[in-house]
């Protein structure tokens, strides 16, 4: 059987298919469907220093070939994560990447520092791109200067591989990717959700409690693939690609564009088995195409 | 029967439903389906000073609930437009808005000057946002400074109502909308297409000849509605909303978000009668809701 | 928890409201009243999300499970076109069921519109185990009424209300219930499902009535299994106030838990 | 030009290839060989675009029109599930048809794979009006061959080629044709439809053969009516070189027009 192991800079994964942050909770619910051990990694729900209530409902709106969410980073906070979620994930041998978010630089730094000192975490993913919280989040992700400053500081306190997750809601994704690379990111994740909204015509009001939300799902895949393609040409660090992946073909678009790993988000809502199925389909694909390593297709569509 | 007439600043339209630029050619083909006179206006295919060949094929890719196009502004150029297309459109009483694009400021200015001196044109729409041409286009549309300078100059030579069409591929659409308003735009059109790509997995190559293309259709509607909603709050000039409109409900989202008129693009490809049907559905809606004027719903979802 | 269930029967009970009977042994065996199925209406990316429907009945013996749904949008429209012997992709049973207390000899079931669905199932499981089962059922008019007898076990007392008075009591089901109120809060408990306004009224009035009361709530869902935090409802539980998940912490909540 | 056409017959001719007969009087009356129908495969936003298919036959008398399609992706898969008496949303007939010249007593029809479709229609309209009608038809193997006799009028000579030799000539249809070449370019004209590689080979070889030759091309389409410039093919026409539209300027082009 072909080995799907993949190295993303300092990060070694047993396979290149991850669960995208916020769509997999802390893994608990999906663990009743399949063994989380199978996944390349679980990127847990965006974690903040203190517990967060999140946004008022409704938080979900369906859109053509996609959905909006405005969860607003509801999460139990660092302490509960360390006490409850992480030990549980470790006990079932899940590979854990922690997605962190903050309103202030200080919060990011504290999180990075504390999580670096914790065993059983594979990497940190800096969420600089959540469109659903008032402060922080996307603010850090849309200005190269602000981002650079933050990443430099986090880099200094973070001993784990550092993934920076980029927002697609920018004029020039390449500029931000380069800024992230040069300020110390080991890996880039892209893309987070596009900012969108739906109006409930019958009530003549925005449908979401938060007014706007983040667009995910197949609808955004062309934007995501384009961004991975563009970023791959200009940075050397590896890319985790995501945005609308539902099956092998979708994932291959990302690999061919230049992603060394992919993450599945909203598709898990439609079919909880999406990720394990994708892993075995990828295995079969590599065997039937006679590929020894993913390297043979990563970035192969570049020209 | 309720009067659907609407004023967009200096521009008076018989109804608020337009054909979006590039999706309706110069109207010739659709004229065999229905009387173009019925439309609020036909915004013709992006016009350049000289004829343009456009991009190599394939130029079209289907995507989930949408499509990519990379036409590359193929058009017959100003002279042929004035000689052939405009007289034909006038002869059938179509309300004509001309979408113009250039590689250089000079081209925009020449186009604006010459078209201002031509009878039978209702308004100009500055396309600052075409993602499918190497120079110009989107370049003018993503930097507030560059855009401001261009609009100021065009404003000076343009005697027609001036619509500025914004690109959604920006970090802050509001900043650009404000820049357009303060530099002399009478009306804003939003949104143009999102930059995207599809990879043909079987050939391991980008599907489009131009590699990337512009994403349109229902997939992008949530992004478009959000941008209209945000821009409406910060500018006083009227907005023409577009992006994924296929029916009355979709159009109402835009009106409620703040658009005073809407344009239909890709949906005409699926059903050539989309626009006339939308006009009569709008009429019926206003009657059944007892609305005297569109003003009663424009921006009504703002809060 | 993911199955393809075969359609045994699909029937339009009244205009725009369908009864759907599915054959799926595992679901039939595991389902409890108050739980729901999260259904993929088509093998397509539009509609993108699954749709949640309360389980209206299940027979482990026959391996069947039922839902009752109203056509309100594209997803339910597609569902309504299902044909016998087609397969439906169902995730479930999901959610926290009703938990009737053995100490209450009287069960009062309060239903508004399609909210009757989970209560039919509940009535079926309570039948014969309680002294009295009372079903109060309200709809806008008699045209939107399913004949509860067809779906209810014998020995259940049904009280109808229609907003236009075309059948039963003329008015809201909550008013009907209030007028006929005579049971002792110490001996009876209430289970309710229906439009938000109805549940809100009930919860408020119950502050003075003081019945033990369980409500089945609705919220827009993505995952349906508790992973995305999408289906938030503000509630108190375990001395904390915050957002709970309708899909996992609910859909059944104690009426005091919910913050309106 | 937009109609709902009723499905009269849908038949799998060979694995993955379907014959679809529709009833629609207007289309049947207007269709000419070489034109196509632009079909909406489902009333949904996925798949978003229409799909173009050459008209494989039309009978104004019976009010019927036919297409033959291969299942290659989601759109054609959905089409293949059509049932008798369902309706299909068709835009058309669209495009510039073949224009056979009366001065040529011999018509040579060269088909590769599904490219046979428009040529069946053409053969039908030429039958009885030409001295000789020769159909050269190539497919990868005998399993992907539709029995041309079933679809062709009498008096047409058919020559088969399969790439694996499982039926007829062993090799490419272009080679078969080249070997049997004996007609006089002054008396015969060629109509061809098939994969791009086949058409390209033909166009090149024809530089020396010198037949009048019309090719039916394919390109990805959005509008199908000439408005979007999506279906560009590089070509010379009227002393200019540039992109022409397959949907309106074609799909039939003179072989010298096309720039490969």
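Order of writing sets the chain letters: A, B, C and D. Residues in each chain are counted from 1.
Keep this in mind: contacts are C-beta pairs under 8 Å (C-beta built on N, C-alpha and C of every residue); 3 or more make two chains touch, one makes a residue touch a chain.
Every value quoted in this text rests on a predicted model; they were computed, and no experiment measured them.
Between the contact lists of chain B and chain D, the overlap consists of A, C. Chain centres here are C-alpha means, and the one lying farthest from chain C is D. One simple way to say how far apart two chains are is to compare their mean CA positions; for chain A and chain D this gives 47 Å.
Separating the centre of chain A from that of chain C, both taken as means of CA atoms, is a distance of 36 Å.
Here the spacing of chain C and chain D, counted between their Cα centres, is 56 Å.
The set of chain D residues touching two or more other chains comprises 45-46.
Multi-chain contact residues of chain B (touching two or more other chains) are listed as 61, 63-66, 217-218. Taken as a graph of touching chains, this assembly is fully connected, with contact between every pair of chains. Looking at the complex, you find that chain B touches chain D at residues 22-25, 28-30, 32-33, 45, 53-67, 69, 71, 74, 217-218, 246, 266, 268-273. Against chain B, the residues of chain D that register as touching in their complex are 1-2, 40, 45-50, 91, 219-234, 242-243, 248. The residues of chain A lying in touch with chain B in their complex are 61, 63-66, 68, 142, 169-172, 194-199, 201, 204-206, 211-212, 215, 217-223, 225-226, 229, 244, 249, 252-253, 256-257, 297, 300-301, 303. Listed in rising order, the residues of chain D touching chain A in the complex are 45-46. On the side of chain A, the complex with chain D involves touching residues 64-65.
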